[in-house]
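So, here come the structures, one by one.
The two complexes that follow have chain A in common; it is paired with chain B in the first and with chain C in the second.
Up next, the complex of A and B:
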């Protein structure tokens, strides 16, 4: 007696009649289509199979039939529970919406001793009061933060260089901890810093209060220092030393790093990845420049096109796969986020890849002057003079006024990918996001014409490449399964 | 002998029988090729006549590819319209079922 029933038990035995489930399809290449169901599960099929499915010409004996039925692309007499299962999966994907805002970014100061040409917001200023957040503003912001229904609250300190206003960080951390004695949320702090002005006392404080460190590392010394000028031309040296000190003080896994791709980075993808491997980071987020602030003013954003960045990304991804094959576990984090959406029932809460847009819903920014913005990019856009996503001010507006403001609800409603032109019928929509801030910045419209959207071009290229790689090589699929969170 | 450079064209035309394809499918397909061309659609003797105006002049080969792309897209849109029509009720039922237990709906 075997433990399992024979294969025939699992094969369809229906009468050939089936009901189509709602699904979308888009070309993967000249012959194959990606089809996705309402919950974002996907299958790759020849165009002929998709057409046969739609025309009810698929037979239970066809090899694709059972696979399509198991992923809820069709319902037949043997899958009556299918719609309920699909609804459960849809609900799981949308679960994050009920929690509302988890990430609260507080801009401690716009001052910074770096002068990176791609920076979106920093200011060189001797006048502390002009660009530093005050205690009064921080206290008001905390009052709003704890009105969020989210059971998990992450407060991220940003700048400029937030450590230039470290006294205020201490004030916020201790005040938040005090409030949380009653609130009992899962409370986490992150300081986003270039580590140039960090001291041992600051590390001790971070250890005492369980604060995470997120820093910038653009690659090898020559590239990093060229991208991130500061007095002494030693940004790289300070960052590396700071990473070592932070790890020694806080623990290896408490320190993460982000890179930004500049024109000079394009030919150095593998060296940048090598730098992250050498520094024993578990992975890298290959991140393009954003169309905001100084990156636009200095023309750095326009210094390379999206196609060049995609080539850079694919070469980096190929190299990372090679590294894994050679026994070095290493992750590309953007791919990891997308793969989590593709291969699991869960949403990774990455603001750029959400629909409804993650602005306000998943992350919100309290600027140094008390203005509240729908996302980090939204405050960067405001620095360029476009305050479309300014939701209110901590001193003048209530929680309800801020989070039900037209400045938040209008772009979320208008950009919703489920009803946006092209997105609504795109098979890759469940993996993508609506990104109203990006499209406002680049096309002066919350939705944007997707055929001319570099956001759409970049992400479509990545979605297709990731699925193509998994289809071609089961070992890559297995590797990618391990990258999901 | 040196080959002549391919002749560049600024537009291309394709027609679709409106007794076979809906105007909605043709419009949707036209929208999807706007990266390369804007599409002017008019009707003539039961046909939808699509004139593709390329954003910059292209070779005849590229123009033919763009027209082929439009034809394939119209076929895809036709399939999509069948799926949408057949699954509209079920799609709404699944969404209602999903969100009725999400805790997101108002208690008022």
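Up next, the complex of A and C:
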């Protein structure tokens, strides 16, 4: 008769004969630790298990042992393929670097007919065409854009209000399309607009050229109009009407909206979310104010602290989870970006949460005057007088000069979280970013002291909360899995 | 359950003549070039004199003898009456043995390439034998040209099909040449593909619709090696999957759920998504109680009802991760409702049955049903959906 060998014959001998793979750990609460491997896989373990693990005292019979082995936190004699698999995962995460810049932001004009006190740009009043990009500048910028090795190119028109320079948008779109007849990349356009000055002809044009619309919606009318003053005091009405018209012209999913949290928003999280649900958006990006432009000048940036924002965020998140439970699918997009890093082998392209920093690599900005900046935030900082992240000018510099400039490479190198103080030992590093622009703006240093960084405080709080929620409730984990991209 | 093999009697056949592969036909004319392989399937009426072979059933023995006095007859027992035009049988005159190799109407036809295997799985349904069965590959190569070009699917199984080496590639080349539009699915433990040269040779066949179904039983190498009773199997299987995918080949991961594997399903599904995201399909299979499974019932059998939440979690996880995931060989009423849509009717039709409890069930049409072998053990929670 057949002879089968018992399980014990296939088991490693144990006795601490395992090798530790590189990993990081941070406390989740008093009792539990989060540990992460290089590929961003995490495991939550009691303090005692982490202690035993590092002392090589974890026994194969301990329930965590097999789990930690299959997640490649430790290697033993039962398998030799672990390091190869871990390496493959790390490569998958880093793959995006090879494509270099995919998102190209062109600032069409600094003019705007809104005068939002929290504006992160330093907009100019409407009539000063000295703040418009010229054709010559746009042409040069396009020349650089198509030198990027990325197979996908996205051109985003920003401002001020870019529609105030619509003729130039048309010029760029058509020129890019004709260049692309030869280049054959995947080419996409986005216009970021407050929809106040949009006409039907513009929608017509967007439809013809497959252009996406991204607009601002801060919440219900009262809040939105208070946040976003314009001559008619009707920013909200124009935005809502614009969204409806844009959807009718372009298709529902081609219109997206962004909110910015002001002090007045803090108590209104649920109403803001309801507004997005009512407008049939698939989700919301709960976004804090950034320390740039008018937001700083008008002291709006300083009007609330990070702690209050985090409370606002968690309350919103809780409400969104509730909505999902009640059968309304709805996503919080910042969480979605982080969850993609936590739960999938992929790396989402989001400039703020990247290390090496996404500046220049993931996105680059061509300002109205031809200056090239490492990110949207970088040009906002420049408008405030700090041109540390100015990489060059489209009229005077070559692609190589711009993308190998010290202004780009120095901050990327210095801020690399894998080796930055605190971050290098932080379990959340695989999910986090390095944000040299933010730290330059707030601490005048590319790296910044993380204990004083509201970026670090905010993200660490969110990482812990997301993991905590998933540990608590498998159904939340399942919901979150569905939020990943 | 259909009987696929048995004994037949013959007339006008030399008992010492070699085995014959016969394609059954109900046409009155036969192409001269196919006479060696085409047999007229007789159910009464006239017989075309073109045919060298006639195949019929006991019931028609007298009729066929009346209709034709010369030529070769094979008379099959009546339970073979399901046979129809396009089917292919093998007949060994000396042993009077008949085996059905291909049924044109079957939802899946599998060819057994060898009974040898480098695994010794606890639940093997086709227990490996260390025999010299090289003739099987030759026979398959001979049979493939007899199959209809519109054959919807072909399975290659074993033992371990890849260990026969060159003849394995010969079979695939035959399929590529004669059935270019037929998807071919190979059930392999994947280890041979850890050899890069072997994997490359496979990719070079250049068949447009080849796929390999490779079992992976646990994220824990020790459990996997134990289930397949071979140390080092996990590593080679994973390496094989990675090699195949890096060569752009289609790979399905198959997980048989039983007492040794169900606890690790959540971990396994996570492992698959994180490490093997690029595989084309992940399937979770119910246990078929044949072969070694009978010998290992105590260590293998668990009522599927008792692992329904583990299965549900693994399946929902992979679905949420947007991987292509299916559940095979399970009865709908023992699965969590949230994964019903991913359950497929997958039991080969000749093995599929329902039980008395299924009477009046409104979901019978979508239900996977039972292996005929499930009489030995089946879920105690079969309960019909009644509307």
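Some notes on this structure:
The rule we apply is simple: the second predicted complex is superposed on the first by the 462 of 485 C-alpha atoms of A that agree within 3 Å, B and C clash if a C-alpha of one lies under 4 Å from a C-alpha of the other, contacts with A are read in each partner's own complex, and residues count from 1 in each chain.
Heads up, the rule we're going with is that a contact is a pair of C-beta atoms (placed from the backbone, for glycine too) under 8 Å apart; a residue touches a chain by one contact, two chains touch by 3 or more.
In this text the structure is predicted, and so the values were computed from the model without any measurement.
Of the two partner chains placed by superposition, only chain B is touched by A:38; chain C is not. Of the two partner chains placed by the overlay, only chain B lies in contact with A:25; chain C stays clear of it. Of the two partner chains, neither chain B nor chain C is touched by A:186. Of the two partner chains placed by superposition, only chain B is touched by A:452; chain C is not. After overlaying the two complexes on the shared chain, residue contacts for A:88 are found with chain B and with chain C alike. Of the two partner chains, neither chain B nor chain C is touched by A:419.
In the superposition on chain A, A:50 makes contact with chain B only, while chain C stays out of contact range. By the touch criterion defined above, A:97 lies against chain B but remains apart from chain C after alignment on the C-alpha atoms of chain A.
Counting contacts as defined above, chain A residues 84, 88 meet chain B in one complex and chain C in the other. Across the complex, chain A is touched by residues 28, 31-35, 76, 79-80, 82-83, 86-87, 90-91, 93-95, 97-99, 101-104 of chain B. Interface residues of chain C facing chain A in the complex, by the touch rule stated above, are 120, 122, 127, 219-223, 225-226, 229, 231, 234-235, 238-239, 242, 267, 271, 273-275, 277, 292, 295-296, 313, 316-317, 320-321. Taken together, the chain A residues at the contact with chain C in this complex read 1-2, 4-7, 9-12, 39, 41, 66-67, 69-71, 78-81, 84-85, 88-89, 92, 343-345, 474, 478, 481-482, 484. Put simply, chain A touches chain B in their complex at residues 19-25, 27, 38, 50-51, 54-55, 83-84, 86-88, 90-91, 94-95, 97-98, 421-422, 425, 449, 451-452.
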